[in-house]
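In the two assemblies presented below, chain A is common to both, partnered first by chain B and then by chain C.
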Partner chain A sequence: MKKISVYRPTTIEEAQQMLSMHGTDAAVYAGGTDLLIRLKNRLKQAPAYLVDIKKINNLRYIKEDAQGGVQIGALTKLAEIAESDLLAKKYPMLVQAVKMISSPELRNASTLGGDLLQEVWCQYLRGGYACWRNGGYICYGAIGDNSYYHSAMGGRLCYAVYPGDAAPALITLDAKVKLATPSGAKELTIEQLVPGDMMVDGRIQSHVVRFNEILTEVVIPPPKAGFRASFEKLRPRGVWDFAMASASLGLQLRDRTIEDARVVFGGIAGRPWREKSVEDFLKGKTLSTDLAAQAPTNALSNAAPLKYNATKIDMAKGLLMSGLEKLATS
Partner chain B sequence: MSQTQRPRTPKRKIEAGLHSAIIVNQPMVRNFSTGGGHSPGDTLVEGDEKIVTKKWQGYPPENLNVVGKPQPPLAEVAIPRYTGKAEYATRISFPNMLFAKLLASPHPRARVRKLDATKAAQMPGVAYILSAQNAPKTYPFPEELFFQGSIVAIVAAETEDLAEDAVEAIDVDYEVLPFASSLSQIMSGNAPDLSQGRGQRRGNTAPSVVQYGDVEKAFQDADIIKEFTYYYAGGVVAPLQPCGSVAKWDGDKVTVWGHGQGIYPPRAIIARGLGIDPKNVRFINKWNGGTFGGVRQASEKFYPWVAYIAKMTGRPVKLTLTKDQELAHMQVKPENIQKFKVGAKKDGRIVVCQREYFVNNGERSGGGGGNGGRSELYLHVVPNWKEIGHDYRTNSMTIGASRSNMQQEFKFGWEQMMDEMAEAVGMDPVQFRLLNVQKPGTKVSLASGGPTMAPVPEIENGFLTYDSFASVEVMEEGMKAIGWDKRNSVPGGNPGRVKRGFGVAMSQHHAGRVGYHEGEVGFERVVKRGGADVYESEIELNAEGNIILRFAQPDSGTNHGTGIAMAIAEILGFTNLRHIRLLWGDSDLAPPAPGWNSGLTTQLQGGALCTAADKLRKDLLNRASELLKVDIGRLQIRDAVISSKDDTKKAVTFAALARSNEGRVIRQHASCCHPGAIGRAMNRGIGACFVEVEVDTWTGNWRFIRAAYCHDTGNVINPLLAEADMNGSLVQSSQVATEAIPWDREFPGTRHFSVGYLSYRLPTIMDVPEQTQVFVNSLEPRWYFGTKGFAETAIGAPPGAIANAIYNACGVRIREHPITKEKIMAGLKAKAGRA
Partner chain C sequence: MMRYSRRNFLKAAGAGITLTAIEGESLFAAVAPPLPTPITKERATFIINGKPLVAEYEARTTLWEVIAVKLGLTGTTRSCNRASCGACSVLIDGTPFYSCHTLAMEAAGKKIFTIEGLGDEKNLHPLQKVGYLYMAADCGFCTAGWSVTAKALLDKNLNPSADEVKSALAGHICRCAAYSAIVRTVVDTAAVLRGEAEII
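Showing the complex of A and B:
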């Protein structure tokens, strides 16, 4: 493992100073379940200065706000979300999605903030290949063996899929995040937070958080009456693995009529993939199993699969159908 | 924050008992021609050489107190594993120890033009750098780096991190050579010649042809002829314990702690590698975190270098391989293609089969490793056979045993072929197999078994006869256990989104694993013939009345020591294991023996101990008879007391007998040997796997729901551990079905192990099906208590069974390994397109 220095700030301000001091050589260290592996694998892009924010108070909580929404501190463990009665009551779909992230062991260590901002899992990047994200000028995934970890919806520079499950689920719930920046607090939607491969501070990353910014909180608006949601994930094994494809659905219903819809696919593109054409198709329709069967024909028509990953699209459509059917029959 | 209080689970005592195993006992009297089971007379007379065997070696499977009763593993082997006290090689540590790390070749094939370690040698904490330049002449580094991961240098430093830093600082100028790592590469027209001049074709060794019968005529006579091609992509086992070793010198003697399947073979390798007398090498290996045949090599090949660095630095040295290095140096299951042309009669009888195979033999030169002993021919009756074999040397890892050898690799194709033939002739797959399966009492000619059949003394006019061979029972009992009548008659015929299906496959691997023990005519003949592996053992009764078993074999979680102890306890008249002690895994403590593999351990190492125990029993009875002035025939033994049947007051304890002997111990020594490739006589174990799967036709998601895993076992010594072992076997074999070595399809010759088990996916507890183990007690008459080896008899079956079940569920036939959700999805889509 390369030599690293670890800072243990106790306030956000201290942490920001340390991050500013080292620029892109530094990174926020929370659960470490992604960061430490990159260090252990001796990736060039891994930081040398870790700013451990676990000693900062008040970043680990799940609390209800005055309007009936929920605020979740960025350091909240995924396991705590999975076991939260409050969340289970208000946003059962989020709990269901988080329970399908990796394994119980990793959920005990990883944080919600870390899950949202995690690095991609491309076998070339993780194997130390000098790709866009690791000091090079090529995407090996685009030209290589790309059945699982790479986008079937096109890309710009890096073709790795955004691997997280929490983000698509939170987009469905219209959640926002708060960032602490040197110029004060900033609020972004999750879609704005993770727009896919972006050049930020001279690096390719999936999110727009700058080197001196810290994600502090996720805010979920209060659930509306008649809102129903589902989360479907397909992975190679029953535990551990990232999504080959996932589908988060949120329907605002009046009786059986769909007034509004959110359809977000995961595991198929460089970002959580919101599919507006399906949302539009669903709006105004009556929820039924027949509707579930029709929905996929309107989905992912602009797919651009690479050599080995066309089935991701078929799987995503199957998950969409499956999620809608569950909502129609429950 | 919401915190839910979990209720405490009340403490309860866990009793040793069977979870879901069924034991099917065959009748003691059976009518097989050579007399499996109890038939008139208590001897077997077999073969041209009229080998006479006392049935059950005098210990019949009747009135047993210990054998056959579920027993938890012996505490002295099992408990240290859970308390952190077990001496795994990776746990051995010394205060002044150095840590070694490897520099591995990134290229599939290369030569080192220049290696400059000057900068690395000056880095902090670096103690020694070993490379081709300074390696011992008795154990040099490879000249040509023949696969990605080949060893280039070893650095020893004060910490693992410092060693890794120095590895990165070594400057290597590689001459990259033309390579071919996969079958598609080596079989292409422009492949480099890797055969070292031995091949008749470029990059290839000469094809081998094995045939018998009249193949051409049989095809003319066949009513139905079908052709099939299957591809297996390669696989590897995965130990929990990282591969590695520790070496420490004291004067001119070296102690090496290793990770493998034997004590004396690695000791010999170390002695040869260092050019020293084996007496100066102490090899210790008591516990392993899994070895599976494939692991041994990844530790073993480094022992001499680790010992050499320890000698040169005068300090203990520990080497631990990283996961990707380990996966490069373990033995792998080879990639292969099988092309079948099969002819059958309308009634379903197979009359002829032609198999052409192409096997990626890896870095090993020469061929012949590919055919896997043609065990399929011991399984099914094939009256006319032709096999054309192509074994290719490639720039890939060493192939070999990796939890069985050429079983799943070939049977994935063979057992799908059997299913496709059953469909072609319009028969149920079970009935089709039963029609074509070898049955007990059948005489099998040596010719049909091919050249791997060793000339065991039991051969009669070129034939061997199956006797202890439960081929029909494993199928019939499996059908019952899984509920075969619920199977779809039409593949994919069930309505609805989620479809269930059933599949079956058979397997036959490793002879029933019975050998000869010293004192038997066969033993003398096999040893005289030369080349036999002789397992020695020693048993000792000490002054405290404890029985100490000394044997070499390390424990890989196999718990063979418990099984052996149970047989010994039974022979010596104990009703429990409280007086049995084990001394194992250390060349200073245990007598010589070859390593263990292929289901030999309990049978041969254990057989040697049983033989020694038999001698000790007779010795003790003689001593007691003299002392008590009671005729031996009137003596009885129970729990370390020998007494007169007529007057129980006339008694003496084992301890007293030991104390009265010179040295206060009584020792016996005995040996066993194995006759060769197929084991003794025709008692080959056979297995079957019945599976139920569920396929989600919307997403390609499939689940392995249930399995009935059936084994021809002979008498099971310890059903509890046998059940646990076979549960593990099924998990391992399902992994072989669903994962392949992660070769890059676009950058040939490179593999992706960097993401560890996210790129080589082992089944998790969520992927393991509900299992029923079916043990068919086929009563092997030649061995103590009717036991025989069955460690890997059924292991070849699951991959084919799963493929067959998926076909039955949804109509998608996966002929190209591995079985993945993507392939099922793509198959369903193609099927929907056709419909």
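Showing the complex of A and C:
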């Protein structure tokens, strides 16, 4: 593993001072499940200085606010979210999505903030190829084996898919995140937080968090009456893997009429892919199994699959159909 | 570049005097706080299977390196070193973690449970006895990992169904594909621990 030095700040201000001191050579260290692999494979983005924010003790909580929404601290472990009774009662779909992330041991270690801001899991980047993210000028995924974790919806420079499952689920729930920046607190929607491959601080990354900013909290608004949601995910082995495709659906129902809809696909593009055409199609219709069968025809019409990953589009459409069927029959 | 002429010198000196006059004592009081120093090496106690053991390690040292290399408890096997197989699992305060993918400083001072704590040749744990009978260990490389995770499951839930066992052991890969034997082992060990079955 690369040689590292670790800071242990006790406040967010201290952590920001340490991050600012080293620039992009330092990184926030929380669960470490993603970071340690970057260090072990000695990637170019592997930092030499880690800022361990686990000693900051007010970042690990799940609590209900006055309006009935829920605030989740960025350092909350995924296992804690999966076992939380409060979240299971209010947002069963989020708990379902988090339970499908990775393996039980990794859920014990990894945090919600780390899951939102994780680096992509392209085999070329993780294997140390000099791609765009790793100091080179080429995307090996676009020209090489792209059958698993590469975008089927086009890309800018990096074609790797955004691997997280929490982000699509949280977009469906209309969640926001809070960042601590040197110039004060900042609030972003999840869509603004992970807009796909972006050049930030001279590096390509999936999220917009700068080197001296720290994600502190995820805020989920109170659940509305008549809101139904589902999360579907396909994985090569059935457990542990990242999503080949995932579909998180959120429907605002009055009786069985759909008033508002959220359709977010994960694992098919460089960002959680919100499909507005299906949302528009669903609005005003009556929820039924027939509608579930019709909906995929409108989905992902602007897909641009690479050589080996056209199946991702079929998977995403199938997940959309099965998700709507589940909502219609339950 | 500034030239050292008499005029410039006087200007600068004058500026200095006015500054001192305005700022007063605060010029001398402002001392920069010391820069924080990062940790690169540490010495800590690990309570492994109830025994406190002291190890010195670098910041980058993983828990597996401390357990197996520095402290010589070689029962815990490391296979992939990338959190992709589960062979290196240990329990930290009763929760399973991949020891190859946990920095040693995370577990410093905490209670660690490894395969050595489960049982030895003379005094096998029911999990090991049943696993031996069902041939749940073919090559044995993954055994140390799933055994401790199964122990963590059985500590919490003494009556797990096959599906619960499968989801609890989802983070373990068995190269010999003895999965059905492993699941059967854990389910039947629970029956033994409950006192409903006996090992013959």
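One rule holds in what follows: the second predicted complex is superposed on the first by the 330 of 330 C-alpha atoms of A that agree within 3 Å, B and C clash if a C-alpha of one lies under 4 Å from a C-alpha of the other, contacts with A are read in each partner's own complex, and residues count from 1 in each chain.
Following the convention adopted for this analysis, a residue touches a chain if its C-beta (ideal position, glycine included) is under 8 Å from a C-beta of that chain, and two chains touch if they have at least 3 such contacts.
Since this is a predicted model, take the numbers as computed values, not measurements.
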Touched partner set for A:199, first chain B, second chain C, both or neither: neither
Touched partner set for A:185, first chain B, second chain C, both or neither: neither
Greater residue coverage of chain A in the superposed arrangement, chain B or chain C: B
Which of chain B and chain C A:239 touches, first, second, both or neither: both
First (chain B), second (chain C), both or neither touched by A:1: both
Partner chain(s) touched by A:318 [first = chain B, second = chain C, both, neither]: first
Which of chain B and chain C A:39 touches, first, second, both or neither: second
Which of chain B and chain C A:304 touches, first, second, both or neither: neither
Which superposed partner A:9 touches (first chain B, second chain C, both, neither): second
Residues of chain A at both interfaces, chain B in one complex, chain C in the other: 1, 103, 239-240
Residues on chain A engaged by chain C in the complex (per definition of touch): 1-9, 14, 17-18, 21, 32-33, 36-37, 39-40, 49-50, 79, 102-106, 108-109, 239-240
List of chain C residues in touch with chain A within their complex: 35-36, 38-40, 58-60, 62, 81-83, 86, 89, 95-98, 101-103, 105-106, 149, 167-168, 170-172
Chain A-touching residues of chain B, taken from the complex the two chains share: 1-4, 161, 164, 168, 696, 698-701, 742, 744-747, 752, 754-755, 757-759, 761, 763-767, 820-822, 825-826, 829
Chain A - residues contacting chain B, complex: 1, 41-42, 60-63, 76, 80, 83-87, 103, 121, 123-124, 126-128, 140, 143-145, 147, 234, 236-242, 244-245, 307-308, 310-311, 314-315, 318-319, 321-322
